[in-house]
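Scrolling down, you'll hit the structures one after another.
Two complexes come next, and they have one chain in common, subunit A, joined by subunit B in the first and subunit C in the second.
Here is the complex of A and B:
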């Protein structure tokens, strides 16, 4: 394990201690933090390692939310529904990836974006199964108190985050990760040295989808009610990109930090400037990217270089 | 030596443009074949067609007794067909070592990254880049990048190696070096097909010359005969070259 992987593990361990110090509000925030970090880490596989600008996060999220939601209304217990969601998401995204990742650059971005719209419309129109635009009521997963409920979903989301982080660290140290880096740098050459680029891209797309889908499932069980415009919100696609850019493209530790910082900004701005919160948040993001184009992970080398300069 | 590569009636068109027209060609193991012809003759397309980048529109390509006409580039690569690119294609962020390691890693099944890196070191030493092993490929000079391409191709343990203008853009000392390397490779048992514009190199190294013009094979034979062939002089070499060559030879 590299030093940044260890730092990431420590960060997650610290996050797991949140219930010791916070109440229901802190837990709600912590749950969203874990969810955002899952988004950012997952997006980083396709966006960071592979270098394809994906806008498909919201599609996986919505798909996972509805898959788990529908299964639960049919009486499947939550853990089983989540496992089924994971597997379906992995397989479906792998197949889609083999097709979509033939496109490059802007074309791929638009295609991944349209995936969100297509799924939204499918869910909207499959009224019998999903309730369509009326939304879907999901049975309660636990019958405990408010705080017990908050604790349950926080740890559920945290476990998904831990699994995602473990997967990402394993990928970045593996032959798969090496191959993805090859494809990002030069896809033609990668093909020419015997790398099955279609297979690698398809696996990458599948891995970047499966845990986002599970996070969607937990979200659905958590809020008890989902509708298409909520879970297929395009902002779920955009936010992980912003988080990854804030944190530092390609670095797992960086994107998790980016997710936490983004959530912090979002919450602070929303609480204090409710009227103009999106405008202000946008401005902050732009400023961050302008003055820190390589993200938070570049801070360390920057500070270090400055110190060396003084000496 | 039996034929290692054979093309039977291979054609390739890009919508209206006929890049290759009914090309039939057999290459025996151990040959060093020079592939020459004017710009746009279809030389690179021929390489791309064999390697699976732009599959043939008609005809068949057989490599080591196997029909590879419809294989994808990575499949052809794993069979032992390696190539270098006319425009060098490094993995810019990777070190020179990792560039070569990719080739060892992905062309042979079951290779570990560690073994691939060790393997890569040997090939870097062979092309004289061991001093630059840890430098990012983007910082190498053009001559070094060309040698890096060569090391990458060698790490694939090829049976047949296509060299697409490895000498273009190099100075004469660098060309000397590259030529010596090519001879060494051939002596090591690799069949070589080289696209080359420098006639001096072609005549120096190649055991046979194949000439393409407008996608058609117009000459094929021993170097001395081919350069005297009127069709070749007309299409590619030019009268001046023929006179100079005639005066010397």
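Here is the complex of A and C:
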């Protein structure tokens, strides 16, 4: 365990204490914070470790939400439905990854972007199973009070976040993580020295999808109603990228901090300027890229260096 | 008879698709930037045509004269002031930057024009031509003709003018162009301006045919992308071939499996092409 991994574990532990101090509103925010952190950490595997600009997060989120939702309307209990979602997402994304990650750069970015559109269209057309554009009502998972429900879903999302963080830390310390870094730096060379790049990329894509899918499933059970334009919203694909840019690409601790900072900004903007919130998000993206392209992490070294220069 | 109608529809739609895609293809080919703001610029052009017709009754094809310089200026400034600062950064950065700009423009359009679908309806209506059972509305024929004219103009510009040759030179070999004394940054800005101007003009023509709403921008963008991949990057003829191919596949697909699977169909086509023939129908390998 490196120092930043320990810091990440401490941050998560502090987050778990949230119910001690906050009410239902804080729990709602906490649940979304965990969800965003899962997105950012998962995106970081493909976008940060592997260096492929992926816009597929919304595809997996929607897929997971619908997989769990459909299973629950068929009478499968929530935990079982989530496990099934996890496995389906892992397998489906691994197979897709083997095909999609043959594309590089722009081509991959757009292919992953269109994956979202395609899944939305398929879900929209499969009216018998998913309810199509009318959306899907999902049965209540528990019969407890409002606060009990909030507590349940907060911890469910937190557990997914903890699992994702553990997975990311394990990957970055393993041979797999080393292989991904090799592919990012020079894919052709990595292939030449005998790395099975297709296998590695496929596993990475699967791992980056499975927990996002589970988060989608919990989200579906949490809000009880999903429709294609809600869960296949392309903004779900962009937000993790913004979070990673805020926090600093590639560092797990950085992207989780980025997710928390982003959620804070979003909540303020959403509450005060709902009509122009996506424009403000765009402005944030532009400003970040122009003035702080390496994220908040770089701010520390920059300030530090400036101080050293003065001395 | 159905087959003939499908073919004619595909030919008309294909030229319009080509017009949507050439600006996008130019920017991608020359700057190596996926310009995600392209779709919103098309919609903005459509609003320009709609607004001018509603207020002072200017017919859309005259609007082209205003739209081209206006959108060129917008594109030129965007590239000069923002994109040129990160043009050497990795794909993710330029892509996300244009996405951010797109969010801003799209949100602004929703804010000012509302998300309602509007339609530019010419009064009196131009009617349609019927030839041996094949029906084509006249406004579509006019839009197609102008789309071909625009495509031809770009071709001439790139072939004949000094600036056009410089744009092509930067696309072929960036470093050699620098050594020959080409001011690459300003060529980038001109290329992006041209791309924006073509997007604006395409939007003006689209206003004649399709409903207008900020929400349609991503559909235009998707079409532009698929056309580029099908036809091959950065060449005018490639965009034309790609546009016709996509329109044909969509038209036949709509008859065979139903129109609600149009996106899925073009996506599958895209994936197959990217894997089997990544340089496109007309592209030459190693020419990127």
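We adopt the following convention: the second predicted complex is superposed on the first by the 305 of 311 C-alpha atoms of A that agree within 3 Å, B and C clash if a C-alpha of one lies under 4 Å from a C-alpha of the other, contacts with A are read in each partner's own complex, and residues count from 1 in each chain.
Convention: contacts are C-beta pairs under 8 Å (C-beta built on N, C-alpha and C of every residue); 3 or more make two chains touch, one makes a residue touch a chain.
Source: prediction; values computed, not measured.
Novice: Answer with first, second, both or neither: which of subunit B and subunit C does A:229 touch in the superposed model?
Specialist: Neither partner.
Novice: What is the contact status of A:144 with respect to subunit B (first) and subunit C (second): first, second, both, or neither?
Specialist: neither
Novice: Examine A:107 and indicate which partner it touches, taking first as subunit B and second as subunit C; both and neither are also allowed.
Specialist: Only subunit C; A:107 stays clear of subunit B.
Novice: Between subunit B and subunit C, which one contacts more residues of subunit A in the superposed model?
Specialist: It is C that touches the greater number of subunit A residues.
Novice: One more residue to check, A:189. First (subunit B), second (subunit C), both or neither?
Specialist: first
Novice: Is A:2 touching the first partner subunit B, the second partner subunit C, both, or neither of them?
Specialist: A:2 contacts neither subunit B nor subunit C.
Novice: So in the complex, which bits of subunit B are touching subunit A?
Specialist: Residues 51, 53, 72-74, 77-78, 83, 85, 89-94, 102-103, 105-108, 112-113, 152, 156.
Novice: Residue numbers of subunit C touching subunit A in their complex, please.
Specialist: Per the stated touch rule, the residues are 28, 32, 34, 82, 85-86, 89-93, 95-97, 99-104, 106-108, 111, 218, 222, 225, 229, 260-261, 263-264, 267, 270-271, 274-275, 278.
Novice: Write out the stretch or stretches of subunit A touching subunit B in their complex.
Specialist: Those in contact with subunit B are residues 175, 178-179, 181-182, 185-186, 188-197.
Novice: Where on subunit A is subunit C touching in the complex?
Specialist: Within the complex, subunit A contacts subunit C at residues 47, 51, 53, 99-100, 102-103, 105-107, 109-111, 114-115, 117-118, 121-122, 124-125, 234, 238, 241-242, 245, 275-279, 281-286, 289-290, 293.
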